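Letters A, B, C, D, E and F mark the chains as written, and numbering starts fresh at 1 in each.
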Amino acid sequence: MSTTVIKISGSVFDWNVIGGSLPPLLDLFKRLHNEGHKLILVAGGGETARKYIELGRKIGIDEATLDDIGLKAARLNAELLVGGLRDFAFPSVPETLDGVAEAVTGGKIVAVGGFHPGHSTNAVAALIAEKVHANLFVNATDVDGVYTSDPKKDVGAKKLESVSVSELKRMLEHEEMRAGTYELLDLVALKIVERSDIKTVVVKCDPNSVQRAVLGRPVGTTITVN
Amino acid sequence: MSTTVIKISGSVFDWNVIGGSLPPLLDLFKRLHNEGHKLILVAGGGETARKYIELGRKIGIDEATLDDIGLKAARLNAELLVGGLRDFAFPSVPETLDGVAEAVTGGKIVAVGGFHPGHSTNAVAALIAEKVHANLFVNATDVDGVYTSDPKKDVGAKKLESVSVSELKRMLEHEEMRAGTYELLDLVALKIVERSDIKTVVVKCDPNSVQRAVLGRPVGTTITVN
Amino acid sequence: MSTTVIKISGSVFDWNVIGGSLPPLLDLFKRLHNEGHKLILVAGGGETARKYIELGRKIGIDEATLDDIGLKAARLNAELLVGGLRDFAFPSVPETLDGVAEAVTGGKIVAVGGFHPGHSTNAVAALIAEKVHANLFVNATDVDGVYTSDPKKDVGAKKLESVSVSELKRMLEHEEMRAGTYELLDLVALKIVERSDIKTVVVKCDPNSVQRAVLGRPVGTTITVN
Amino acid sequence: MSTTVIKISGSVFDWNVIGGSLPPLLDLFKRLHNEGHKLILVAGGGETARKYIELGRKIGIDEATLDDIGLKAARLNAELLVGGLRDFAFPSVPETLDGVAEAVTGGKIVAVGGFHPGHSTNAVAALIAEKVHANLFVNATDVDGVYTSDPKKDVGAKKLESVSVSELKRMLEHEEMRAGTYELLDLVALKIVERSDIKTVVVKCDPNSVQRAVLGRPVGTTITVN
Amino acid sequence: MSTTVIKISGSVFDWNVIGGSLPPLLDLFKRLHNEGHKLILVAGGGETARKYIELGRKIGIDEATLDDIGLKAARLNAELLVGGLRDFAFPSVPETLDGVAEAVTGGKIVAVGGFHPGHSTNAVAALIAEKVHANLFVNATDVDGVYTSDPKKDVGAKKLESVSVSELKRMLEHEEMRAGTYELLDLVALKIVERSDIKTVVVKCDPNSVQRAVLGRPVGTTITVN
Amino acid sequence: MSTTVIKISGSVFDWNVIGGSLPPLLDLFKRLHNEGHKLILVAGGGETARKYIELGRKIGIDEATLDDIGLKAARLNAELLVGGLRDFAFPSVPETLDGVAEAVTGGKIVAVGGFHPGHSTNAVAALIAEKVHANLFVNATDVDGVYTSDPKKDVGAKKLESVSVSELKRMLEHEEMRAGTYELLDLVALKIVERSDIKTVVVKCDPNSVQRAVLGRPVGTTITVN
């Protein structure tokens, strides 16, 4: 039985889209579970995290605490996944790596937000993939793969079918690290993918793309390690 | 030294007002603390709680879990209080009554959200007042006191200077109890106020009214037990 | 497979009767479990709770702490259930709603006492029924149903075959709320039953009545929601 | 400032005497605290523990679980100490050795029951004395010192002014170890006293004797290590 | 299905032998698990514990804290067992008796170190055997059974095929109890074996002897209770 | 009063040097504490971590679990700091960022190991500095500052008096990230230093250098942010 960790873009939980975006994803997860796929879902913090962090920064809260607020917002999103999946899901949101590993032994879908300040939810997803010896890490984002440059800013950006970790690291090297601004696969997540050679695919966070990724069909961008 | 529990209306944390409403309240709490007032703050869940609960109910999440989501949203608001008060505040948000009592012994301002499903943040505030033997429970809401009827719906509603618990219970008896809809002092909160004869004032959640209440000056509506 | 939450009257644990009352109940629970009924047991505090609370009140302990003492006494009673059920039971007594939900996924009988000050064990039982989507909530008390008045004080009291929540609320409205005095279904428990339309039966806490209730045969008083 | 660990005999909490025995002890502890004595109180399980354990053994509960039930009963007794001491006491009952050590740093009286199955509350008290580097361990029991034989069974038993650990070990060597039957200083407690050379006095658990012991005046039996 | 608790000698984890000693033991445990034997492994502290304790004692750390350090070292050894057994093992190391009992319900191999200061890992193993109603307690040590005297010091020492608890107690009575020096079955462990009549075998900690013991074949020394 | 976070090189805890290296450091920390410096100590994992990780990797343990083992080894080292500092130290080793922040409010020296897999102890130290608003982060390593290249491999390596974060990031960019191999300030630690502009000094981990750093005297290499 395959085990897949899916990082779910925080944007799925934005209030103007969530009513439409969440139910079909929940249906997909139930279906995949019934077909024998073991799933671990990692919810991004999205709009809630962003708003709390922005305000918190204005009133002088330190970055470590903002990280903490961001991951608690992500856990609220994970609660929606757990509640919406009802008896398909492990009934609470684990808050540590060991907690996830224990929950997984029960055979249900497990959903988490963040773990500890200093880690993006991408890094959390990669750590989980390592810990539970997952076969696949699907990073479901708001773009449909890795581009040669930011497709939101550059119309000439081209999507890559595959990209090596070392190449991706070079692209991300100059990212800033502030609470709430982690994008795509940050460096920590990438290094974890690299050190454990985790099969990783970056796809758009819609039911069709996620399903293709879980089933091993071509979609998005594959990260290669070598 | 007096000890005061202040329930802070969730509406203070609404995104369209929070930037303006929060900083002066934080300043007030620091000032009161410096003047020797021991403060315990209980944040309501506000807009964040309401949105998550509304969506959760739509996707079929049970009421107990929605309660839980609501209190976790309230804890996010409490995190803003803690972070914004910096070294004035106990550095984390206690999640149990014992945890609050332990935190209070350190002499700093303590901020909490909810505790456990089935309790409004008002009931939480009343329980804390009981547990720490507080001198005063200030219920800072989005109206400026208890009215003869809902002032938002009835222009003829009159504000009461004081009201007895038994009268208030009659007024609230027919409230519905669904996650996110607890208003004013719900019945559990009222019964706690009654059983321990806790001095209670209902005021508008603005710095001036809260300050008057903490200092014992006439403001809002006093709840009388007898 | 049906899931039933059974609130077990604290009186079962009174020292002058417990040696006789407990073993047949334990046998019943094992039998029902073997027949495929998923059971969650909520132990009342009974004599132990009452004694500690009475003494505590005399030496000046606040009501919130007395609530806490009462629920810890109820947990001691739950320990007897767990220990007596041996390998039929989840081996520890969960202390939170999430803890119960996690324990239930293991497929064994789960026994709990209280959760948090401010809640009766009836409210705890109702919350659990909500959280685990139980099919039935059996409130096993020391009377054999709901009466038109207190059958211990009024010989003319008549047992009702069914009663609506709103009627019951009217009957309970004037109950006092002090640690250890919660009776029948208190208001919080009733409101939870109402908001989630939980099928509820009040029966006497003897093996025969409890068995009839779990099997869906007519017994005691049914609470109707409408 | 001296630090004293006082093991309080479970018999103080017996229901027929507790109303009379507890208040004067609480008064003593407050007075000693005000005079600068740092106190850590360890409550025995007494009648509650004994009853639960006896019943539990009858319905087939294993000894390890009975130990656990016994220590939880002792914690209930500790809750009475905490609640009755109000603001003199650390507001909750620590459940681990580290928890005690942390609580002690706050400067209030700390009260505990047991820690973990397999340890008597005497062993718990000795471990605490070791951990917090206490100056004195007062073992307040239901006899007024160590006798040459059991004074309840042998009228010729003589009280010893002092006794060496090795002598006492010989006397206790043949004790049985069943949940609820630990008496005086069991072997584990004695070995801890010995390995850390903890000044230890065995006295009757009445306010006068305990006070004499804490103040270092002659009373009961002193345990000598050499 | 039989349940066996195996105490694994800390010497297996000594750095000069561990690379050779651990893998065949892990293979044995996997094989026994596949054959339907339920296993609970208790790792001794070994060299790591000994080194930390020796140093700690030199720099003035109290014995209770040294006990704590020793059991945390034993937990590190348990982590190696868990990690090395991968999907055969419960994925974390429980830290309480209840935690073990919960973990065991999942059906995987469970590995632990110590629980609480004041207990040897032998006592921990005996408590677990009691709690989970194990059929057998295998004490795998660095000698191949119980001898008439210490075989490391006395060449005339003879191995016993069986020995009664009372005889063994006499032999151990004069052991010193300092953190890190618990040997064979200490008195607490023995008394637990005695009070619950746990079938116990002392064997050398090599795969062949351990396998013989688990399968009920003659090996090492059997402890008899009567 | 200044607050300083000191990362203590794991090499201080190597068994061939620890007896000599630890006592003078403990003396220094006590002295600095008495002079009013608030200290938070972060112990590296050193030899113990390295040995467990090396062995673990050989027997097939995943990197996330190895990270976990490494941080638990670092906590054992932190226990030595706590025990050796006796009443100068907060009596236990916090395991989360919130736990550290709570411990710090008590005014004692706080010592920690790691927090969560995926973070070096350097990153932990930087996060703590951020969270408690420390004035200074002293990274006490086994070299006496940052060199132009690895001084252990390159005799021509030159020590820098100061280095900018961006320069240092370039130097570290190609580090591998495997459990136990984090060196100097890894990228996560550096980004935290950068985002919060934390005053940081890299010095050799000897009492004289650490003292100079805490007192603000020139020593080692200063990290500049701009």
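One rule holds for everything that comes next: contacts are C-beta pairs under 8 Å (C-beta built on N, C-alpha and C of every residue); 3 or more make two chains touch, one makes a residue touch a chain.
Given the structure is predicted, the values throughout are model-derived calculations rather than measurements.
Listing every chain that touches subunit C and subunit E alike gives A, D. Should one ask which of A-F and B-F has more C-beta pairs in contact, the pair is A-F. When subunit A is fitted to subunit D on its Cα atoms, the angle of the rotation, on a 0 to 180 scale and to the nearest 5, is 180 degrees.
At the interface between subunit E and subunit F, two copies of one sequence, more than half of the residue numbers in use are shared by both copies.
Look at where the CA atoms of subunit A average out and do the same for subunit C: the two points lie 42 Å apart. Here the spacing of subunit C and subunit F, counted between their Cα centres, is 53 Å. For subunit E, residues that reach two or more other chains under the stated contact definition are 62, 65, 68, 86, 98, 106, 131, 133. Viewed as a network of touching protein chains, the structure does not reduce to a path, ring, star or complete graph.
Chain pairs that touch, as defined above: A-B, A-C, A-E, A-F, B-C, B-D, B-F, C-D, C-E, D-E, D-F, E-F. Of all residues in subunit B, those touching subunit C in their complex are 62-65, 68, 96-98, 115-119, 123, 127-128, 130-131, 133, 169, 173, 176-178, 187-188, 191-192, 194-196. Contacts from subunit E toward subunit A in the complex involve residues 86-87, 90-92, 106, 108. Remark: subunit B residues 15, 18-19, 22-23, 26, 48, 51-52, 55-56, 58-62, 65-66, 68-69, 72-73, 75-76, 79-80, 82-84, 86 touch subunit A in the complex.
For subunit E in complex with subunit C, the touching residues are 98, 101-102, 104-106, 131, 133.
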